[in-house]
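Single-structure report; data block below.
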């Protein structure tokens, strides 16, 4: 029982943006993916959601292979992604946004809607408001709501706190905790590492589309030098290794 | 915001009144009324064509130049079936059915291969499809004066002292009805909601799990029904000739442009206004010749009016 | 100059075709066919006008046949009303439609894609109206006192009185028209168009006057349509309402795509399909309406699978045939072999370019504020870059690219100034800044695949008015500096992603740049490539005198090559100064690593 990503490679704009990345997340667990901008985190999320072509590797959800399926099939299989940048259907009302996202399973629509509103009472108050006129934080709630309407077993959240006020971020982190309490597995991509590592069980650090670290969150917290290397400081050992790897990739 | 809206409406009313007055000043009221009514009927056809195109464009991103051609194929088939002695209502159904089949075929077989191309490319491809249909239809039914008549042509209704044929009334009411119906469909049903979602943001809709192929198929079907009905009515009211019906797509586009390829009520208003102006132009000996091109000029003016100040762009392509 | 006169396979086939038509056809064809060939030639010219707009600029114009009608009308009227020679009337016809074309360009400056196509379609309808109200083509009170449509015979040019000689005459003019397009394609306008199609922003920052070149394209296309229409009118001697229909413009555009908009041959094929195919069908006793089916199927085929149309497929076939016969391909491979030795690196020593380049003054950013809606994208940024290479870093959404867009003039500022030496950048329009010496790269390389590597670089120099020799030397030097001298003649589409990045750098260093800005130059590159790129950037100041600003997420790169660094976060400047000191700043580490504020 897990969402497993095995040896995934992703192509975007004719360029290999993710190479041979593996990770998994179990029900009720949180895996954080960290790394500088352009490290391939967003592309990884989009590929798992079926929006970018996978060139190698597999995605399995509870043993079922969903690699290369359409986005709607992947949602139905229980995996929902929240893309970066609190994207909503701007010219639809909040309620229509949620209903559209839930239209895949019309039978459970009303229940899913009630559930989402229970989680985000702020949205219930604004159900008739156009989503384009919401604040960034509220839009992020709608975006999370899009995913929740599909009643996912696993959820991937890309840059949840990007551009949001600290108070909202705390609020959303609470929601993530709620989700894990309901046994939903969460893959969390965050630029605020401290925040992500505070809630994550496992962590993965990407650099140039490749795995730089894969282990427990506690381990990573104990070794800040690993993160520094991925974001900031110059680390000759990894640089040389990275070059080696990219050569191989070019030759392949 | 509301102030400019009111101003726009006022401007529109004043302009329309001025045009009607200028063209029909010295004509007896009855003549003016007759031309006005016939203009409304023609305008309804333009509007219907435009509505079908806008519904399809919003849901699929395809501006369908083959709309008129599908209607032409349907109308010619209906005429042929009646000639062969088929019970007319069945022939009318066959007309709509054929138009739906033609557009669905394109929507399922060809359109998906162009799904991620630019809007212009998608539109150009439908132009190719329109030419194929037109070629086949013109080949099957070589130039010959034909007449398609519906029983409603003979029923006259007295309205404000004018005799209006039931066909015209039906066309006018149908255009109102279809706008209302589609509005309700889009706002009240789940598939309608999915269509609005697609129109708003295609890639996000895909991501949140909207079954794009299914929704698009339905949109092609709806536009097929409208195209078939419009073709049939056009064949009855104006002319039963493949080329003429096929190129009805151009005033339809003009009507659609009036609604910014988006607002169905404005498409209807644009289509009706075009029809009326075009019909009233017949009254002027000087401008008579310019009649068929009136929709172009109106749409061009409307487009330039929309364009003032802001940029008109498509999606986020810019 | 040599490049100017080089023929392409398509050009050669086109020339052969024209020669064949010129010499053989008139002597063997019957009267009916003579007229069909003449009108084919006329339409080939008109199609060429539509095709180059579509292939070079990506703009769809659906007015062409309407403009032909105007050209025909003008010629006919002048011919009946004056005693001017035919040629003068033809030029007048072209001039009138050229002006109309420029008027059509006005909406094109604002509209793109589908709406532009629709506007041109409406314009075609409008032209029909005007012609109708002016009593086109016959009747009315005549023109300058002479009754049109009267029995008076139509005057053809003195050297082309018979149908046969008129066909030769037409072909000659058509070939001239084709050459005119080809000339444009190979000179500055062609380069500008290619860049505009790729990205208007990139074109503007390369110093291309987008308004001018778009209008120019419409004018050229209009000119060709007018001359084509005039020639056709001369052939018929009389026009009726059915000769030029607005709806045929749509067909002409469709056929341009079917034939292959990228090639001369495509225009000829399109015109042949348009005029000869229906006549052939008639001859074979088939309904000419069937030609629509062929057009339509061809269009669908072209749109879905054959972007270069029939001509493209013919070229591919020919190339395949040549390869099978063992002939040396005239393609890129041969060009490389020929050019490798030619462009050595004489200027490898440290030296500046000849053009008045370089900036011996700091770049001063004062009180810069940009607001998008309610969001502060840049909040009172202040920095003075004094070192040759400086960096700008910050997390996602920090405002780095916005700052670069302010430099380029793509973004309105609320307040603030950017001064470099005695120039206030904010006072210059976007494309002038390019000419002044501001260069930039974009996150995605803005390189036109259909131009050669050398041409891509040469675009930057087009507005500077350099002598051809100087320009060529500058381009060669820039390419030598980045190590692409051998690839100068290759089409840019043939390069790999790292080489494309190098072309971007060559575009920035060519000529006399004053400020160069790189937006994520190392994005997506391997560590080795990044290192090489960094070395290259470090050489820029010594070689060109330009100040360089680098935005990148790769802090290693910034730390290695930038002496000064500006750090932005949520539009606010959180640090500025010597790079080492900035990177050690706890505030910067907090912004990057998302640690709690210290």
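First chain written, first letter: the chains are A, B and C, and each begins at residue 1.
What we mean here is this: a contact is a pair of C-beta atoms (placed from the backbone, for glycine too) under 8 Å apart; a residue touches a chain by one contact, two chains touch by 3 or more.
None of the values given here were measured: they were computed from a predicted structure.
Ranked by how close its C-alpha mean sits to the mean of all protein C-alpha atoms, the top chain is C. Compared with chain B, the chain whose C-alpha mean position is the greatest distance off is A. One simple way to say how far apart two chains are is to compare their mean CA positions; for chain B and chain C this gives 36 Å. As a whole-number value, the distance joining the C-alpha centres of chain A and chain C reads 41 Å.
The distance from the centre of chain A to the centre of chain B, with each centre set as the mean of the Cα atoms, comes to 44 Å. Put simply, chain A touches chain B in their complex at residues 49, 51, 71-72, 75-76, 80-81, 83, 87-92, 96, 99-101, 103-104, 106, 146-147, 149-150. Residues 63, 110, 113-114, 118-121, 123-125, 127-136, 138-139, 142, 247, 250, 253-254, 257, 286-287, 289-290, 293, 295-297, 299-300, 303-304, 307, 311-314, 317-318 of chain B are the ones touching chain C in the complex.
On chain C, the positions that touch chain A within their shared complex are 395-397, 444, 497, 520, 523-524, 526-528, 553-556, 559-560, 570, 583, 589, 592-596. Residue ranges of chain C in contact with chain B, taken from their complex: 60, 107, 110-115, 117-119, 121-126, 128-129, 132-133, 246-247, 250-251, 253-254, 257, 287, 289-300, 302-304. Residue ranges on chain A touching chain C, taken from their complex, read 13-15, 17, 36-38, 159, 162-163, 190-196, 208, 227-228, 231-234, 239-240, 242-243, 246-247, 250.
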